[in-house]
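The block underneath contains the structure these notes are about, expressed in structure tokens.
Chain naming follows the written order as A, B and C, and within any one chain the residues start at number 1.
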Amino acid sequence: MRLRKFFRIGLDAPLGIFLLSVIGLALTLALWQVASELVGRYMPPPLAVLNNMIANFSASRALQGLGLPPGGYLPHLMYTVWNVTLGVSIGVAIGITTGLASWRWRMVDEVTDPIVTIFGTLPILVAAPFFLIWFGLVAFAQVSLVAFYAAVILHLYSLRASRNVDPRYRDYALTLGANDSALFRRIMVPAALPELVGGIRIAFAAAWGLAAIAELLGAQFGVGRVIVSLTAVYDVESIVSIVLLLSAFAVLLDVLVLAGRAWATRWMPREARRP
Amino acid sequence: MTAGVSIEVQDARCRFRHVSGNTIDALAGVDVTVQPGEFVCLVGRSGHGKSTLLRAIAGLTPLSSGIVQVGGTTVDGPSVDRGMVFQEDTVFPWMRVIDNVAFGLKNKGLSAQQATDIAKDWLQRVDLADFAASWPRELSGGMRKRVAIATVFATEAPLLLMDEPFGALDYVTRLSLYGLLTELWSRTGRTIVFVTHDIEEALILADRILVIKDGGVADDLRVSLPRPRDEERRASPEAVAITKTITRHLGLAELLDRHAGEAQK
Amino acid sequence: MKALRRYVVERKVSLLTILALLLAWQAAGYLSPTSALRGSPLVPPFEFIFGPALLGMSDYWQYEALAPVPSLGGEQTWRGAFLALGYHSALTLWRLVSGFVIGAVIGTILGLLVARSSITRGLFALPLHLLRMIPLLATIPLFQFWFGATNMSAIIFVAYGVGVVYFVGTINAVSNIPPRYIEYARTLGASEWRIFRSIIFPAILPELFSSVMLTLGLAWSAVIGAEYIGVNSGIGRMIIWAEFFSNTGRMALVTILLMVYAGLSYFLFRRIAARILSWMPSSASRSAVL
């Protein structure tokens, strides 16, 4: 039954979508190949980039030659991925807490509102050099920058999401004796979760760039540091490789977030579950 | 088994500010006394204050002045001792059926195990034992109402407040739920206040019907028909007399007269 | 006056919060240890930011005809400071606005072209998704290699960042239009252009506007990022020049300026959006139904 649905002819059938995606990806790679023939040195062809990724993934002479540790791309990737994940996690926890608290207590809303308005409009990037001077340690600056941004985004998302939760659920919960803790944990968070995931994905998407900028501005380690070193020797092939590898991790984490969303929204009807 | 409690409403007033800037008196000085274990229906047209009175008793809508006492204690906010079933589907869609029924019990401080055991027992009594692990979306509208009823009965709240709970259901489902509700009520002896705009519903369920009009109690009618109130009993002279009284209060007679007059012209 | 008083009374907690933040900054400025380098307190107090730091901005002025140039031995002047700030602000704003407009227009047009058939939509879906997952700011060095560390490079970078969002947003908006609307229009004999004008365009308009709010922040980040690492001018670059000497006062000054610019850009856009949406009330309300 399922198989038949999969092989059903049509552009909305899973097989059709899958085939189109594969063809689309192949065409993109072909286009890239053509572009690299035209541009030359600064646009390495896809196969060269793939070879580079494999050759330098866990051990690299080239990086060693630039004065970096000999571990290849992997330790730098893990370092950046870890800092991003840590920063986003901290920010998400803080943002959801303050967002829900602002929904519950007017006072909290009035205090947080101007702060979030100011830092929501400020391109958070300008804080990066300050964080670097104040905290010295790049990792700390990086994590706080990402956490700060994620907290602002999640505050706004959770406040909006909690205001969108149908008030009848709150009334019903109160007549069943729910206290604040039960109200937050068992009513507001699950009801607002689908919208919150949207905020988490946005926070992650921006976090990769923020972490990279912090490293580009002066780190001893991490993807940004590798890019700086490679830029100095005009090694575009390696830059493309490590940027794409970082993107692969970004995709992976996004898939994980979506999987978490699918699990957390399994109570919803199928049509409503799509992100 | 918990017995019901009494309700005492004294000169309850509730004033809202409408978006237009006008103030509206949803309750204009209501006095009501309900005996423990009574099944009271509030009947009236939309917008005359039935739901506001119910929400005031629940503690969800604060009064502008006056007092509501339940079991001798003044109401100042919602509580697990006053269970409420809403017209809308309020069963939490993100909790499995069993967790919905156990929610109020856990709020009362019962352990997860105790709460689940009691919830299972109540699901059995509303004939939903097989659906304990289902999501609410997998149930029909009538089944979800049974979940809501099991939830408020399970908490042992001595007072149950129902705001047109069966309004959105089809006729047959409604009839079967009347049976379930009266059976649970007569067995447990809770006090029930039930808002409806349907006179037949009130005749089937109530000991007493309060006609609500313009934010006040227009009439207080006792229904002493024997139960179960089948079609024949609902057609008895007593029932017809009550129906006539209510329709007179609701202004139906004048409406019909006017239509008849217009038709003659 | 009365309105002002009411505003103050209603928002007194918020206003007090802002005041408290400003005072806390000022207090931190006095309490934090002063560093060995002159002109670089860890937390610069406001009189420092708007005093010596502001005056010091004249260091970045290059044209002797209008004000003395300190790097050629001239003295620091207020005139030079404001000229330098204005010059670099104008550069940054130009990059932001032109990149934004180019990106939005091209992205939307590409999106409309691709969204026309479900085959092209299927072909582009995965590559576009992957393209969007590439961290934008990490690709700045690549844009430098491709287009040089130039003004044009910064504009292209902003346009790329903004354009991808519009590209994807437009495709999504078009594919979310229930097909029965378009089929219904076809049965009424509507031409392609008419379908576009009366169904597709009003349907994607709200999506375009919400994309603006999303991409405005992105565009600011892109232009500042490009100036941090690539182009050697603009107010983003001024922060880096100042950071090189840990000149926190100047950094704070530019940050405040950027805050004002970004806030103004959001405010202006909201006004424009309200204007445009009120010109087309029918399309806005129709799209709300879709």
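What we mean here is this: contacts are C-beta pairs under 8 Å (C-beta built on N, C-alpha and C of every residue); 3 or more make two chains touch, one makes a residue touch a chain.
Please read all numbers here as calculations on a predicted model, not as lab measurements.
Participant: If you connect every pair of chains that touch, what shape comes out? Choose line, ring, star, complete or other.
Facilitator: Topology of touching chains reads as a line.
Participant: Just to be sure I understand: the centre of a chain is the mean of its C-alpha atoms, right? Then which chain's centre is nearest the mean of all of them?
Facilitator: A
Participant: Would you mind telling me which chain pair, A-B or A-C, is linked by more contacting C-beta pairs?
Facilitator: When the contacts at A-B and A-C are counted, A-C has more.
Participant: Among all chains, whose Cα centre is located farthest from the one for chain C?
Facilitator: Relative to chain C, the chain with the farthest C-alpha centre is B.
Participant: If you average the CA atoms of chain B and of chain C, how many Å lie between those two points?
Facilitator: 55
Participant: Please compute the C-alpha centroid of chain A, do the same for chain B, then give the distance between them in whole Å.
Facilitator: 49
Participant: Take the average of all CA coordinates in chain A, do the same for chain C, and state the distance between these two points in whole angstrom.
Facilitator: Roughly 20 Å, centre to centre.
Participant: Where does chain C touch two or more other chains at once, residue-wise?
Facilitator: Correct list: empty.
Participant: Give me the residues of chain A that touch two or more other chains.
Facilitator: none
Participant: Note the residues in chain B that touch 2 or more other chains, in rising order.
Facilitator: In chain B, no residue touches at least two other chains, as defined above.
Participant: Taking the touch rule as given, give the residues of chain C at its contact with chain A in the complex, in rising order.
Facilitator: Against chain A, the touching part of chain C is residues 11, 13-15, 17-18, 21, 42, 118-119, 122-127, 130, 132-142, 144-146, 217, 220-221, 224-225, 228-229, 236, 239-240, 242-243, 246, 248, 251-252, 254-255, 258-259, 262-263, 266.
Participant: In the complex of these two chains, what residues of chain B are touching chain A?
Facilitator: Per the touch definition, chain B meets chain A at residues 58-60, 77-84, 86, 88, 90, 92-95, 103-104, 106-108, 135-137, 151-152, 155, 161.
Participant: If you look only at chain A, which of its residues touch chain B in the complex?
Facilitator: Contact set of chain A toward chain B: 168-169, 171-179, 182, 186-187, 190-191, 193, 266-269.
Participant: Help me check something: in the complex, which residues belonging to chain A touch chain C?
Facilitator: Going by the criterion above, the answer is residues 11-12, 16-17, 20-21, 23-25, 27-28, 39, 42-43, 107, 110-111, 113-115, 118, 121-130, 132-134, 205-206, 208-210, 212-213, 216-217, 223-224, 227-228, 230-231, 234, 236, 239-240, 243-244, 246-247, 250-251, 254.
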